Structures are given as structure tokens and as C-alpha cells.
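Shared chain: chain A. Partners: chain B in the first complex, chain C in the second.
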Partner chain A sequence: MKIQKFFLAHNLYTNLTLFEKINWGKIGNALFSCSFVLTQKNQKVKTAEKLSKVFTRKAKRKELSRFLKYLKGSGIKQIFFSLRDAFLIRLFNDNFSNVLLTAKRLMLKWFNKNLAHNLYPNLTLFEKSLTGKIVFSYLLLLTSYSFLFSQQTDLFSYDNRMKFGNYLYETKDYIRAVDEYRACLKINQSDTLQFKIGEAFFEMGQYNFASEEFYKLFSSKEFGYISKISFLKTQFAAEKYDSLQIFQFPDEEQEVLNYQLKFVNLSLMITEENLPGYEKYFQPFSDREKSVLLDFYEEKKSLPYKSPLKAAVFSAIIPGAGKIYTGDYGDGITAFLATGLFAFLAYDNFKAEHNFRAWLFTGLGAFFYCGNVYGSAASAQIHNAKVKNEFEAGFKLFLKNENYFIPFIRF
Partner chain B sequence: MRLRLIKKMILVILFFTGAGFAQTDWQRWEKKEVSYEKEALQDSLVFDDSSVKAFLFSTLKNGYAFFISNHDGDNCPFAPTCSHFYVDAVKKTNIIQGTLMFADRFTRDSNLFKTLEQYGISVSGKLEDPVIKYTLQQDSVNVYFKSRQEDK
Partner chain C sequence: MINRISILIIILFQTAVLSAQNHLEMQKEYAESLFAGEKYFDAVTEYKRLMFFDENKIYSAEAGLKIAYCYKSGGKFDDAIAVLSKMKENQQINKTDIEIEIIRLNILRGTYFRAIGLIEKLEREVPEKQSELNYWKGWSYMVADEWQKAADAFGNSREKGTEILKNLCISVSEEKYSLSFARTISYILPGAGHFYTGYFIEGIISLGWNVLWGYDVVNAIKADRIFDAVMVGNFLWLRFYTGGSQEAVKLAEIENRKIINEAYKYLSIQFEGKQP
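Our next item is the complex of A and B:
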């Protein structure tokens, strides 16, 4: 209880230093005792509850229950609710004076009824009401001052939104950062924010939106060059390799064109089966980039593709040989065993002149034989697709992790 | 003589009724979400009478499903299963190519040393082996493997 009291008093004193002019001896004492009474009353409720368990007499019980009812009906709850409503409505609505007035009226009513005679038992009716008014109007003044103070800080100002947007961008919450930046752009046009929106979309993988944002900045002085390169980057990431080749920038800068050639040549690594010659391919790259890319260039030139036709022919000559050629050893051996078994059975039955059985086994043998020829061609294609996919995945991972070619900006 | 005939008759009737109301292991043991909407069964026995070829094929398929597959249970190591593979293959290409594909699938199925490396795992926990891989079109095969790489 002591701690509670101390805190109440401390809060009141610190707040009241704002109103230095007012003489504050009497009222301070009144407030003090008021807070004391409030805390004491809670204590009383608890002790009363305990007592009710101890005493068994009916009369005393009745008295206690009456006392508890009196406490409950004193309207403490109501006042706090109305105060809370006043706070909330102030936040959303300017017209709060009515709510505040009703709150004040309720407080006064409660005070006059329950507390005034505890503080000053010898006062007249008029004086009681007066003290109540003084004390609670002062409380209301304090709270209303804090309302006034809160009104001055605007959370949705340009600077605050920008700061918040930057924070979201740093924490990789790109979609909300874009919202904040767009709200800022409505107030003040800025190329940096435009570019950042584009970058945010790029990070999210929304390449269409990103390229739109970068396209808007082509005529910008500071961000013209970098936005063009970022535009090429989004086209490359979105796998629009055709539009990379065809796209023409409004003004022909040599560096930008060089970058376009770079991206086109990188895309050839993925699309084309046969790469162009060494000198033609490495023309736009610098020496350092050449040394890194050369490994991929040579690997691409000598990828271990296997021809489906060869596999089919091998299988036609020896059943299962095509599958062994493409690397599916288990399947090749089973195909050889299956066709071999049925061929032997057919041969044996023809020899023993069991014609029906013989024809049945030749049919089954032919079924497996033809299936194997078809399947070895298919398995060669699957092998090729696997090889191609593995190379592409490795190349893309390299571009993603070892970012030598694409300029990257840190804000 | 009569008793024997009646016995046989009863056995035959029992067999057909059993086949008619049989429940696969899959249906019996799978955890199911309760839904109160009436839905068409995915693998219902419907006879396709749009053409003679389709009718013959659907009778073959339904016959297999009714007499063999439903009693055998869910034993195929691949997804889709061999019978579904055959149906898909014939629908996507033609009956000759589909049969060739099925023959290839049959040999691969009888291979005892199938590896995950070769096929990859499907959603149902089986070896994934769809029809797209065997249509002899390099582009569609490439697209299939690329999409699987992205799923990873």
C-alpha cells in the first residue's frame, strides 16, 4: 500500500510542476488523502470478504453484505469507463467536450456521495460539493493538458513515414515499405523513393511492377543510368530473353548498350544450344569477368548430351543397350532379361511345336522389345533435360551469389 | 448334384457382390477430412460411350479396376500408378504410342533396383513418373524438370 501511495503522489507532483502559479497546499493535501482513501477502500473490500467467512452470525453477515453492496454500487467502475471513452473518442473525434462533461458530472456525483464526508466530516453541503468540484476539475485539467500535448506530434508526417518506410525496407518487409514510400511520393516527388520502390519490387520477385518503376526513371538525371541497368536486370531475372535483345533505349549511351550486350550474352548461356565463338561472346566483358565466365563457357560447349536416335538404334540391336548408354543400367538389364526370356520361351515352344504358346510368348517378347526401343529414346531425352537443367541451375545460383555483373546499390 | 450347383452359384454371387462393394486399403486407412458436400469420385467406373474405341478402352480399364486393382490394393511404387499411366498416355497421344510407353513403364516397374535419384519423390511419397517425360518432346521434358527444380 505504501508503494502505491508513493507512486500516486510522485506522479501528481511531477505533473503539477507545470502549473507553478497556482497555490497548491490545500488542494495537494486533499488529493493526497483522496488517493489514500482510494487505496484503502480496496483493502477494505478484501478484508471484508475475509471477515464474512470468519463470522457466522446472520446479523453481521447482513451488515457485511450491505457494506459490500454499498461499495459496488458506488459507481467507481462507471467513472473509469467514462474516462476511458473520453480518451478513445478524443483520439478519433474532435467533438469530445460532451463526453468529458458527462465524465466530470459523474465524478462529482460519486465524490459528493461517498468521499466528501470522509475527507472533511464537518463541512456543510455546499462546501462538500465545492471541494469536490475543485479536486476533480483539477484532475481533469491535468488529463486535458496531456491531450493537448499529444495533438502536437503528427505521426503521419512526411519525415516519419519516410523513416518508417526505411525501417521496413531494412527489415525486408518490402510490401509495406512500398506503401509508405508511395504515401511519401504523393506529398513530394523524389527519384530516390521511386528507385527504391522498384528495388523493393525486384526483391519481392514482382518483376513486372519493378520494370514499370524503373521505366519511369529513364529520363532522370541522377538515376537514369542506374535505372536502365536495373531495368535490364529485371528483364533478365524475369527470363524475358527475347525482349532483352529487342529492347531499344531512347538515348544510346555506350555503357548501357555494353551492359545490354552483357545480359544478352549471359542469357545465351541458358537459351542457345550452340554458343557463338570465343571472341564474339567475350567482347563486352572485362578481363576479370572473362576469367570467371570461361569455366561456364567451356562447360556449356562440352555438356554430355546423348542422342535419342543413337539410344533407340542401340536398343534395337541389343535389347537394353540404349538404356545402358544413357546411364539407366538397372532398366537396361531388366529389359534385356525380359526380352531374352520371352524370346527363349518362344523359340523353345516353336521347337516343341506348341504353336499357341509360342505365338503368345513372341507377342509378349515383341511388346517388351518395342517398349524398350521407345523407352531408351525417351530416357536419352530425360538425361539431356537433367543435364541442361543442372547446368542452368548452377549458372543461376552463381549469378545470384557471386554478383559480379549486376550493379548493386546499398542505401 | 443340385447342392453342388447351388454352392457354386452362391460362391459366384458372393464373389461379384464382394467385388462390387470392396474397399481398397487406401480408402480404408487414409486420414480423411469430413466434408458434407457431395463430390464426384475421382476414380469412378464410368463407361465412355462417345466412340467405339473409347468404349472398348474404358471397358478394359474398368474391368481391370473392378476385378483386379480394387482387390490387390495400392501396391504400385510409382505415382501415377501403372494403370493410370496407361490411361493418361493413351489420352495424351494415341493408342500405339501409349501402349509403347506402357511397355517401357512395365519394364521399368519390374526393375528391382529403382532409385529415388532416377525419379524423385512425389507428393504421395512415391516415385514420381508422369506421362510428360515420355512423350518424346524435348521441350516439354525440359519444362517438367525445370518446374521440379523450382519446387525444391
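Our next item is the complex of A and C:
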């Protein structure tokens, strides 16, 4: 009872729950018994000691120091420790799950202060301390755990954005892939992403944007070389053939200059009527490239162009002949018949001395005749444009399929 | 002690799983808010993101459908059909519903023969959906400008609003001008096609020109001026004669378009039944 009084004198009693206050006598006896049993069972005592050490370290310093001051020299120190151990054991035996659940509830309702307040007063001093510790530990663990898994759960994290961007890129949704990569670049600069943005713009046919992206990587250690070549590719695809010839790279890498020469020569297939000699033209290309380009080289040299002058002369001699020369048979025959009809009508009217009608048909005939001569020259030009366009389309498609003789990059 | 640690780990694990689940749920809500705000491009991006990270395919069906709706709402019918075609393999969605959605998209993009083909295929495969399929067949025929066939198809459907649609189709079919009739009567009497379509002044002018040049041709033949007769007949009378007939057909087409547009206007504004 003396010991109990000392305890009651201390404010420990006020920190007990209502249930514990009512059953204080029974609990007190149980605790003493428990304490005695614990001291007999060495192993459990050690466990209790360990827990008590943890508790001692983590408990609020102010309360603990005040309590220890009181206990100092009082002769009840040993009993106190036994009692405290018993409390801890009891707590762990009976209330561990409840405390955890309470902690979880507290955490889930973190902002619900009223609930937290209602729960808190019902806990003992030890439970309060322990609850705080458990809540803290739970939060700490949860935070750590969440941090570990954050890369998976935060869909807008750098890694996840990049993964999603790669998926979009692979499914050819380039415009969205660019958005994702740009968002990643805001977090962390990456030459790979920068390059992929350039490639995405290239695939979308946005050559100006692609050039800008490749240009930014000229000084990159990893992507400098390939971005320079890709820049040339973009200039070629954008039909900026003059730029291919005059563009000067900051450093004169031999391989890059060789590629530049390749692209210049490839552009000649499109811009020039007459190609340079075989040796000169194929000088920058490898043997494989030469073999696959040779067909286009030969075809370009013998494209079935029609001379506009010849077409005009032919039509001047025989109306419609120029159009037949250019392969426009229907128009050629029609022009021949129409001009012939007007010529006949003019002749017939002159013969019948119907001068007005004769001159009218002469004028109409002359108009048709001149128009046909001009039309034949135009027809030759149209024919040539068709031939050129077909050749260029085929050549560009071939180069695209060959990736412009640039090695494929695997990301 | 081990059990308690296990409990703690389980709680933590469940929390983490729930947390991941919540992220997907939040992502879904975000995508839906974009969809509701008619920001279809962004909504497609977010639904795609949801599908990409939804490893357990919990939201894939719903997100896929929403992507298709986004494309549909944005007028990208080809993309919507492509998405839905891929989703036919998804077990979470009824394949017939997907097919019907594809039919609706075909109606919207004007490929009504494709829509009718798909309907006929479904009629064989899912006879119990005959009523709904007849409904969409009616819509397909409406878009194909086959109003009588549309009325017949609606007559065989029990869907909501079919009676209204059937009456509308019959009304349009009756109101529409016959192009062949307009052409034929214009050949018989120049200007008659104009009168038939309600263009009386144009009809009188057309008739007047034809009478004038016809008279001139006849007069030239009478006066033995064959060349004049041929020239006037060919370059003037024949031009006005055939031109008048062609114009009558064109005017009939214009009037028909007005009638059809009125019907479409009613369907888009006032009709409360299902629409493609």
C-alpha cells in the first residue's frame, strides 16, 4: 500500500484509462505477480529489458527526468522497473493489435483532430508514449515504403513518364511521346530524350522542329555524331538542298563531312538534270550503298523526258503531232480534227466567196493551231514533271526505307 | 513477435497496394475530368497513361472505350474505329456492343455501305439484336440517302423513337424531287423541270431561249441556210436545251439537299432517341 501511495502521489494514476482506474486493485496485484514471474523467466525479462531501454530512449525527456528524480533514492526503483516491464508486456500481449489499429486510424484520419483527441485521452501514459512511438514508426515505415514504391505509384514521376513516353513512341503516337519526353526534360536533362524528340518530330514530318532538336545535341558526347547526321537527314527530307551544301559544322569530323557529301550527292539526284561522273558521284558511298544506288543513278541518266521544243515543232508541222509525241493521244487527235475542220471550213467559205465566214473560220483555225503548238510544249513539260515526280517519289521512298544510309539507333 | 511483425508488414503492404490502386483511381478521375471538359486530346493521353500503368487490366476496358469516345467526339472516326477494333479481343466488354459502336462510327464517317455490311454480318451472328440492328440499318440508309429503305428498316425495329424516324423518312422520301423525272420532262418541254422544282422564272427563261433558238434554226432550214441552222442549232439551241435539262436536275438536287438538311436538323436538335 505504501508503494501504491507513492505511485498515486505521482500523477501516474491520472494517466490511467477509466477501466484501469476501476480495476486498479486487481491490475496492481496482477502486475506485481507478473513482475515476479517475469524476474523468474530470464528470457522474457531480457526482452522486457530491451523494450524498456527502447522506451526509455524514446520517452519524452521532460516527463522521464522528472519521474526519475522522484524515484531517485526512494528505494522503489527496482519495483518500478518491474512494474514498467509488466506494463509493456501486458500491452504487447493484450493491446498490441488495438494500438496498431488505433495508430492506423489516427494516421488515416490525420487531419481529423477531434477523433485523435478522443482516442488519445483513453490511453495510459505508457500507451500514449508507445502509441506516439508506434504512430511515428508506422508513418516512418509507410513513408519509406511509399518512397520505395513511389516510382510505381506516381504516374507522373520521371521514370514513369519516360516509360509511358517510350510506349507512345513505339506505338507511333509521336505527338504525345514528345509531350512526355519534354516533361521529363524539365526534371532531368537527357540527351537520349532530346534525340528521341528530334526523331519523333522527324517521323511527324515536322522537319524544322526536328532540326532544332538535333542541333541542340551537336556538342553532346554521346549523341553528337548521330545528331549531326540526323540533322543532315532532316535537311534533306525538308528539301533544303542548298543548306546541305553550305552548312558548316562546328568541328570538322571526317565521318560527318563524308555524310554531308553523301547527302549533297543524293540531293543531286533531285536537283540536277545531269549527274556527275560515276567515280565522282559514288566517291563517298560504301560498296553496298553504291550497288543499291546504281539503279537510280542509271535511271536518272535515262529518264524518258520529252523535249518541249520538239513537241512544239511537231505540232507546228502536223497539228496534234506534238501531243501524240508526249503521249497525249486523245488531245492530239482532237486537235488535229478541230484544226483540220476549221481549215476546211475556211477554205470552203473562201471558195464560195463567203469572206466573213471564211475569215472567221480562219481566225478560229489559227487560234486552235497556235493553241495546239503552245499546248504541245506545255504537254511535254507536264510529261517531264510527271516523270521527275515519279522518280523523286520512288527515290525518296527508297532512301526512307534505307534510313538515308544512317545506322539505326536502338534505345 | 514474429506474428506481430507479419501483421505489421501485411498492413503496410496492403496500404501500399491500396495506395497504388488509389493512384490509378485518381488517374481515372483526372482523365474523366478532362473528358467531361471536352479536352479530348489530353483525355486520350491520360486514358492511355491509365491503360499503360494498369498492369492488372482493371481499367483497360473502360479506358479503351473512353479513348474511342474521345476520338469520336473529336471527329477522328478512323482512330476511334481502330481503337475499338483492337478492343474486340478484350473479354471485359461485350463484343457485340463494340461491333455496334463500330457500325455507328461508320454511319458517322459516311461509310454506310460498310455499316450495312457489318449489320448484315451481326444479323446472322446475333439474331436477338435484330431490333437494334434494324434501327442502325435505318440510320445507315438515311445517311446513304435511301429514305424509303430507311423507313422500312425503322418499321422493323422496336427501339425508342423508331416511329418518329419512320414517319420522318416517309415524309422526306415523299417530299424529295425525282431527278430522272426532272430530266425527262425537261427533255420533253424545256423549262418543265424548272417548274417541277419550283423555279418558275428560270423555267420561263429556259423555255424562252429554247423557243427563240429553235425558231431561228427552223427558219434557217426553211430559208435553205443549212450552215446557219447547224451552227445555231449546235452552238446555241442544243446548248440551251441540254443545259436547261442539266440545270433542272441540279435544281432538284439542291431542293432535295434542303429537304434532307431540314430532316438532319430535326434529328440533331429535336430528336431524343439514340443517334450514331
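The rule is short, and it goes like this: the second predicted complex is superposed on the first by the 253 of 411 C-alpha atoms of A that agree within 3 Å, B and C clash if a C-alpha of one lies under 4 Å from a C-alpha of the other, contacts with A are read in each partner's own complex, and residues count from 1 in each chain.
One rule holds in what follows: a contact is a pair of C-beta atoms (placed from the backbone, for glycine too) under 8 Å apart; a residue touches a chain by one contact, two chains touch by 3 or more.
Keep in mind that what you see is a predicted model, and the values were worked out from it rather than measured.
Engineer: With both complexes overlaid on chain A, does A:334 touch chain B (first), chain C (second), both or neither?
Structural biologist: First partner only.
Engineer: After the superposition on A, what does A:164 contact: first (chain B), second (chain C), both or neither?
Structural biologist: So A:164 only meets chain C here.
Engineer: State whether A:384 touches chain B only (first), chain C only (second), both chains, or neither.
Structural biologist: So A:384 only meets chain B here.
Engineer: State whether A:287 touches chain B only (first), chain C only (second), both chains, or neither.
Structural biologist: The answer is neither, since A:287 touches no partner chain.
Engineer: Of the partners chain B and chain C, which touch A:370 in the superposed model: first, second, both, neither?
Structural biologist: first
Engineer: Is A:173 contacted by the first partner chain B, the second partner chain C, both or neither?
Structural biologist: second
Engineer: With both complexes overlaid on chain A, does A:155 touch chain B (first), chain C (second), both or neither?
Structural biologist: second
Engineer: Please name which positions on chain B make contact with chain A in the complex.
Structural biologist: Interface residues on chain B, with respect to chain A: 97, 100-108, 110-115, 118, 133-134, 136, 138, 141-142, 144-146, 149.
Engineer: What does chain A use to touch chain B in their complex?
Structural biologist: So the residues of chain A in touch with chain B come to 308, 328, 330-331, 333-335, 338, 367-368, 370-372, 374-375, 377-378, 381-382, 384-386, 388-389, 392-393.
Engineer: Using the touch rule from the top, collect the residues of chain A that touch chain C in their complex.
Structural biologist: Against chain C, the touching part of chain A is residues 92, 96-97, 100, 104, 138, 141-142, 145-146, 149, 152-155, 160, 163-164, 167-168, 173, 176, 179, 357.
Engineer: Would you tell me which residues of chain C are touching chain A in their complex?
Structural biologist: Spelled out, the residues of chain C in touch with chain A are 4, 7-8, 11-12, 15-16, 19-20, 23-24, 27, 44-45, 48-50, 52-53, 227.
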